[in-house]
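Input: structures, listed below.
Shared chain: chain A. Partners: chain B in the first complex, chain C in the second.
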Partner chain A sequence: MEALAVQALAGLASASSLFLVASGLTVIFGVSRIVNFAHGSLYMLGAYLAWTFVSHGPLAELGGFWGFWGGVLLAALCVGALGAALEMTVLRRIYHAPELFQLLATFALVLIVQDVALLLWGADDKFGPRAPLLRGAVEILGLRFPRYELFLIAVGPVVLGLLWLLFHRTRFGILLRAATQDREMVSALGVDQRLLFTAVFFLGAALAGLGGALQLPREAVTLHMDMAIIVEAFVVVVIGGLGSLPGAFLAALLIGELHAFGILVFPRITLVLVFLVMAVVLVLRPHGLLGAPPGAPPASEQAPPLPRPLPRGLRLATLGALAALLLAAPFLGDYPLILLADFAVFILFAASLHLIMGPGGMASFGHAAYFGAGAYAAGLLLRHLAAPMEMGLLLAPFAAGLVGLLFGWFCVRLSGVYAAMLTLAFAQIAWSVAFQWVEVTGGDNGLLGIWPSDWARGKLAFFYLSAALCGLGVWLLRRAIHAPFGLALRAQRDSALRAEAIGIDAFRIRWLAFAYAAAFAGLAGALFAFGKGSVFPTYLAIPRSVDALLMVLLGGVQTVSGPILGAIAYAGLQEQLARVTELWRLLLGLVILALVLFFPRGLAGALAQWGEKRA
Partner chain B sequence: MSTPLLEAEGLIKAWGGVRAVDGVSFALAPGEMLALIGPNGAGKSTCFNMLNGQIRPDAGRVRLGGRDITGLPPRAVWRLGVGRTFQVTATFGSMSVRENVRAALLSHHRRLLGLWRPAARLHTAEAEALLDRVGMLAQADRPCAVLAYGDLKRLELAMALAHSPRLLLMDEPTAGMAPAERGALMQQTAAIAREAGIAVLFTEHDMDVVFGHADRVLVLERGRLIAAGAPEEVRADPRVRQVYLGGGRF
Partner chain C sequence: MTLLQTDARGLRRRMLLAGIAAGALARPAVLRAQGSPIRIGEINSYTAQPAFLGPYRNGWLLAQEQVNAAGGIGGRPLETVFRDDAGRPEDAVRLAGELLNAERVALLAGGYLSNVGLALADFARQNKRLYAASEPLTDALVWSRGNRYTFRLRPSTYMQAAMLVEEAARLPAKRWATVAPNYEYGQSAVKWFRELLKAKRPDVEFVGEQFPALGRIDAGATVQALERMKPEGIFNVTFATDLLNFVRQGNTRGLFECRAVASMLSGEPEYLEPLGEECPDGWIVTGYPRDDLDNPTHTALRDAYRAKYNELPRCGSIVGYDTVQAIAAMLRKANSTETEAMVEAFKGIRYQTGYGTGEVEFRALDHQATLGAFVGRTKLEGRRGRMVDWRYADGANYLPGDEQVRAWRPQE
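Up next is the complex of A and B:
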């Protein structure tokens, strides 16, 4: 009994930390409608900066109470200033961009901060000092409990209270709430919105920085803090309801306690549990526990343009290049062949996601789930049933398609950010299963020795196999887009009202499209597994989903050829950058930012525009 | 009167305590043109949206050809032969005019799950015949995002005709159009409807349109029907005059 009580207290302490980060995220979203992927990076920077201030320079010399707490506060303020600076330089330009572009831009910031942190602080973990006045433990019900944790438990409600006062008792807060409801009205009343938005980013970033800085006495500061916290913070914000502070607090408590007790009750599925709770909440309450349905989309939103074929010249050039490549393949070395086979896989992976995002108008932040499902299906068939590669490649699309049917049934009911988050949650569930079900999947060690059949074992043969299957897949997807199914998919995206009024069952169309896309992602995943000879949980992980998203968005969502160009550009860029510099994340991030800011229609869109201008 | 095509019986819908529609009952004969009029906020659109299943009534029934369709989703009502146009046009912005109609035809023929044959080769002649009927054939290739408002209304009409409906529900068919255009569009609609024997139920603010085309007129005020009958009777009804020409309301 006592142990349970202490466990509950530990849950409250982590809930507080989670709330600090999630509150910033939700405040920023509420006002600017931007889902800030880089929020975890700000948290990490808060921790690193606090470490620097506390252990180096004048504050460290001062030492004692002010040395520590001064450092923590200074770190939070610095991160806040950085958030404001980011808002002024980058985010301000993309307020009117589609949601996924905003995610992309903030993800670019994640990459940049990763490398900057590596440059500034190195790869070693950093350990901070204990907090003055809060060292040691107190005795609670006969068990020792760290004082610092007790302090953290209090921080959450105090911050919630202060934020409440700010939002309800100050002019600034009232303006913020007004801007949350109706941006245009507020600016029509003569309020300088820009200042308001910058201030909100300062506030949100400072909260993230504070959250990070307060971790200093608890855990080591590492370069992995950003991704670990951002996923949890997303979960909290989505469960609570985007933009709702009390919701975020409630959800943080829920998740904190879930972690604390999940470890005791279901140690094997703690990771799955969090995302399962999120999925259940979103299915029962699509806008989170305390969230309101989003208002009508801003009036500036235009109807998507007609999908247009690439200019004729460019199309011929592409086909010519493809033919030349197939002919030249026998004269290429092993390394280029491996690379080209990977490209083929990525093209199919991106094209499958494009079906959902482009014609379907749905957002998926967890497409890797189906890529991984195909890979694991092929790998498990080979490992446990000794099924040959051919069988694996044949069954993988069906396995992934079934997973798509299952997950899609939940996901396609939602739209926008909520749909993106639910797909993310399901992908994380799939990842957790692969990671924790060690007997079957090999856990973190993955499945090894997943090699192709003898005839396809050579690099050249495997390249041709990949090119053929991926070509077939892309072709089938393109046919679907131009077939009645594709028309129906676009119909429900363009006008749900009209689609319903002419007898189109939007749910069924979206659901089937989701599963169809998942099947092709599964084929890509199975090919990838045989190409690498192994399957790892990373195949299902967030970075892989983001890869697919980046490829589609780089290429341009509203062009049929976009995903192909995007896959080549993205995979090529990553590969080249990784070869020439250690700092490839930094460069990739900068390139993505440049693309989002200057080519919002993607590469294919930009090319088509360029072609039209010349024509 | 034989079996009515559409029957509303005691429809009630409240929005947060206010009864927008408060016990509306009426019947519509096959091939009849019936206008539903009333001042702003009288409950016309709410009433309308209950008929095709977009809103579920709190009480009351809707019957189509004697069959109870209360609570069916709009797509099911459509399958039973009820076409619909909207007050603010709803079309597929990323498609050409022809593709819009084609989508409706593909849905009618239950071919929307086709993954193989290009849609561009399906039902082209049928789509063009429909566009011809509403006078939009010349614009078949234009993206519907660039159409003039009146043309969008015509496109909606063509889409609503795609499944040879028995009944057309038109919510303010001429809203947002220039006066000259209004007459032309209603003339066209009426001609098509009479030719094909389609019944039309429409709401309208323009009294010229109402009295020029309706066989019968229903007048709604504060959620209740206050008059029903031939245009001349309704025009002479003192209560209707009271509602439209002023009373204690303002």
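Up next is the complex of A and C:
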């Protein structure tokens, strides 16, 4: 019994740390609607800066109480200033880009920060000193409990209280709340939005930095901190309800305790427990625990124009290039063929996600689940039933489609970031099944020996096979977009009310589109599996979902050819940069950032614009 | 330092024709002139695991420099093309294709994560090309998924667990708890430790296990959960960040007081140095007592490494160094870069390890090297930990019987 009470305390301490990060995220989202992927990087920078201030430089020489706590506060302020600077230099320029496009910019920042941190602080993990006055442990119920954790437990409610005061008792806070509810109205009333947004970024980033800095006596500072925290922070924000601080606090408590007790009951599946809980919460409460359903979309969110076919000249050029590529393939050599087959797979994968995101108007953070479902379907058929490649390629889309039907039934009821996070939750659940069910899936060692049938083993044959199937898939997806089905899909996206008034069953249309897209992602996954000869849980992991998202966003959500360009650009850049330099993440981040700033409509959008101008 | 060691031709080609067209011009050089380099393609998770693979690559380059300074392989220098798989096995497979087809390397090497190693091994089997695995520890690589084209240098999970069991069996502790990262390495380390210890000490019981997610340990809660089990001994498999956090929370909460701890790899400088003054006393560990290992070979290596990089080698450095030495020995014997000749030469090849503990053999039976590890105890001296009371455990003594290995390994 005593042990359980102490376990609960351990959970509370984790909850506090989580709340600090999540509160910054939810404040930023509430006001600016930006899904700030770089929030974890700010948290990591907070930890690294605090480590530097505390163990090097003037504050370290001061030592003692002020040396430590001064360093922690200074780190938080520095990160806050960095956040404000990022808002002013990067994000401010792209507020009018389509929804989620800012995610691309923040992801570029993640890549840049990873390499910059490696350059500045080196590869080794850093251990900070213990906190003055809070070293050691106290005895609670006969068990030792660290003093610092007790302090952390108190930090969470204190920060919540301070934020509440800020939001309810100051003019700045009232403006922030007003902006959270209706940005346009606040601006119409003559409030300087730019200042407000910069201040919000300062606040949010400083909270993230403080969260990171306070980990110093507790955990090692590492280069993996950013990714470890960001997903969890998103989960907390979404479970709590976007933009709701008390909700985030409640959710942080829930997640913290879940971790603490989860490892007693299910020591092997603590990570997925979090996502299971998020799925349950979102299915029962589509706007999180304390979130409010959004009102009618503001007037500024006009429906994007219908995607038009490419200008004639460009279309001919594209077809010509494709034909030339297919004819030239036999003379290309093996490696370019391997690469081109990969590109074909990525194009189909991105195009399938585009159906959901563009015409469907739903975001998905977990599209890799269907890619992986197809890959595992093909792999398992071959491994356990000795089914040949042809059978695998035929059945994989159906398997992935079924998974899409199942997950989609829950996901498409939700909207916006909630729906996206629910897809992520399902993807993580699927991932953990692949990861944990070692007897069937091989666990993290994966399924090996998934090679193509003899006739397709040559690189050239496999390239033609990939090109044919992916071409077919992309064509079928485009057909769907231009068919009455696609028009109905767009109708429910642009105005759910009007669509329903003319008899369109919005739920069914979205559901079917989701499953249809999942099926093609599955085909892409199966092809990828045969191309690599193996299937691993990484096929359904978060980075692969993020890759697809980036490809679609980079290409441009509101164009039909966007995902194709985006896939080639992203995969090609990554491949080329990784061969040329060790700092490929830094370069890739900078390139993406430049593309985001110069082409806010995506690559295909920019191309179409250019074509129109010339025409 | 640049990641890429390519000849000027390759570099210029890439710059001129950035993109996929580049490969089109890279027709095979059918006959290489005498003195043209032998190229090795090395794939590792450099950006995902920089703390371990930086020293590894340094050790690799040092050995390559020494081999080349001594005249190379029959007059031909070694040359390595490094690639980063970012921790993704599917990327490793793509890069393997690139190295073989576009860069024309003679053999593949590398791998840090087990799943990357297995993916590369399967690729090697499928394409009938040689793969010299350096770091991956998984037993499957040479046993259940072993194949003709794959050889592995490091002592495997089984071997490391067996070394610790030998020590743990001598302890009075009867109630053991385990903590290991939740993936194949952690799971099989725990499995072998349990099996082998049970076989030696039937009176031992295992009272509980913790499997925190790799790199994501909730250290406070994990320590508390272990404390609840009231074990007499703890078997730890966590490493890197997880180890740091586990030790700090364990120290604060007194988890390790009056308890025996056996810990995999924790004596390696990679993991011991970041611990600093948190280093616990008296843990039984496998590792590498770099500062006290004084024999002519190792001292010379340590000095050369320090002179070149201005830092001391780590365990990864020795692994990189040894991999090159083993490959060089194999190439000298094979006198060819034809895959089948290299495979035959690799079987049973012997080379001198950088540890200075003598010759290591790549067993013909299962392609596992008999490289060992050092077993000792941790001790906090001043503000940093070190290994004391250590001895070299020769890998050959910690492998299962030949019959058992034959039963596990697919026969071709």
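To be clear about the criterion, the second predicted complex is superposed on the first by the 608 of 615 C-alpha atoms of A that agree within 3 Å, B and C clash if a C-alpha of one lies under 4 Å from a C-alpha of the other, contacts with A are read in each partner's own complex, and residues count from 1 in each chain.
By definition in this document, a residue touches a chain if its C-beta (ideal position, glycine included) is under 8 Å from a C-beta of that chain, and two chains touch if they have at least 3 such contacts.
Worth saying up front: this structure is predicted, and the values here are computed from it rather than measured.
Considering only touches as defined above, state whether A:G522 meets chain B (first), chain C (second), both or neither.
neither
In the overlaid three-chain picture, which partner chain does A:N445 touch, first (chain B) or second (chain C), both, or neither?
In the superposition, A:N445 touches chain C alone.
Which partner does A:G404 reach: the first (chain B), the second (chain C), both, or neither?
Neither partner.
Looking at the overlay, does A:S495 come into contact with chain B only (first), chain C only (second), both, or neither?
It touches chain B, and chain C stays clear.
Could you say whether A:A3 touches chain B, chain C, both of them, or neither, answering first, second, both or neither?
second
If we overlay the two complexes on their shared chain A, which of chain B and chain C does A:R479 touch? Say first, second, both or neither.
first
Applying the document's definition of touch, where does A:L512 land relative to chain B and chain C: first, second, both, or neither?
First partner only.
Of chain B and chain C, which one touches more of chain A's residues?
The partner that reaches more residues of chain A in the superposed model: C.
First (chain B), second (chain C), both or neither: which does A:G372 touch?
Touch status of A:G372: no partner.
Applying the document's contact rule, which stretches of chain A touch chain B when the two form their complex?
303-307, 476, 479-480, 482-488, 490-491, 493-495, 497-505, 509, 512, 516, 558
Please output the residues of chain B touching chain A within their complex, sorted ascending.
Listed in rising order, the residues of chain B that touch chain A are 52, 54, 73-75, 78-79, 84, 86, 90-96, 99, 102-104, 106-108, 111-120, 122, 143, 145, 159, 162-163.
Which bits of chain C are touching chain A when the two form their complex?
2-4, 14, 18-24, 26-27, 46-47, 50-51, 54, 83-84, 86, 88-90, 93-94, 97-98, 100-102, 114-115, 118-119, 122-123, 126, 138, 140, 145, 182-184, 187, 209-213, 215-216, 218-222, 224-225, 227-228, 240-241, 244-245, 248-249, 252-254, 273-276, 278
Okay, in this complex, where on chain A does chain C touch?
My answer: residues 3, 6-7, 10-11, 13-14, 114, 118, 123-127, 136-137, 143-146, 149, 218-220, 222-224, 228, 259-260, 263-264, 267-268, 270-271, 331-336, 338-340, 342, 435, 438, 443-446, 448-449, 451, 459, 528, 532-534, 536, 538-539, 543, 572, 576, 578-582, 584-585.
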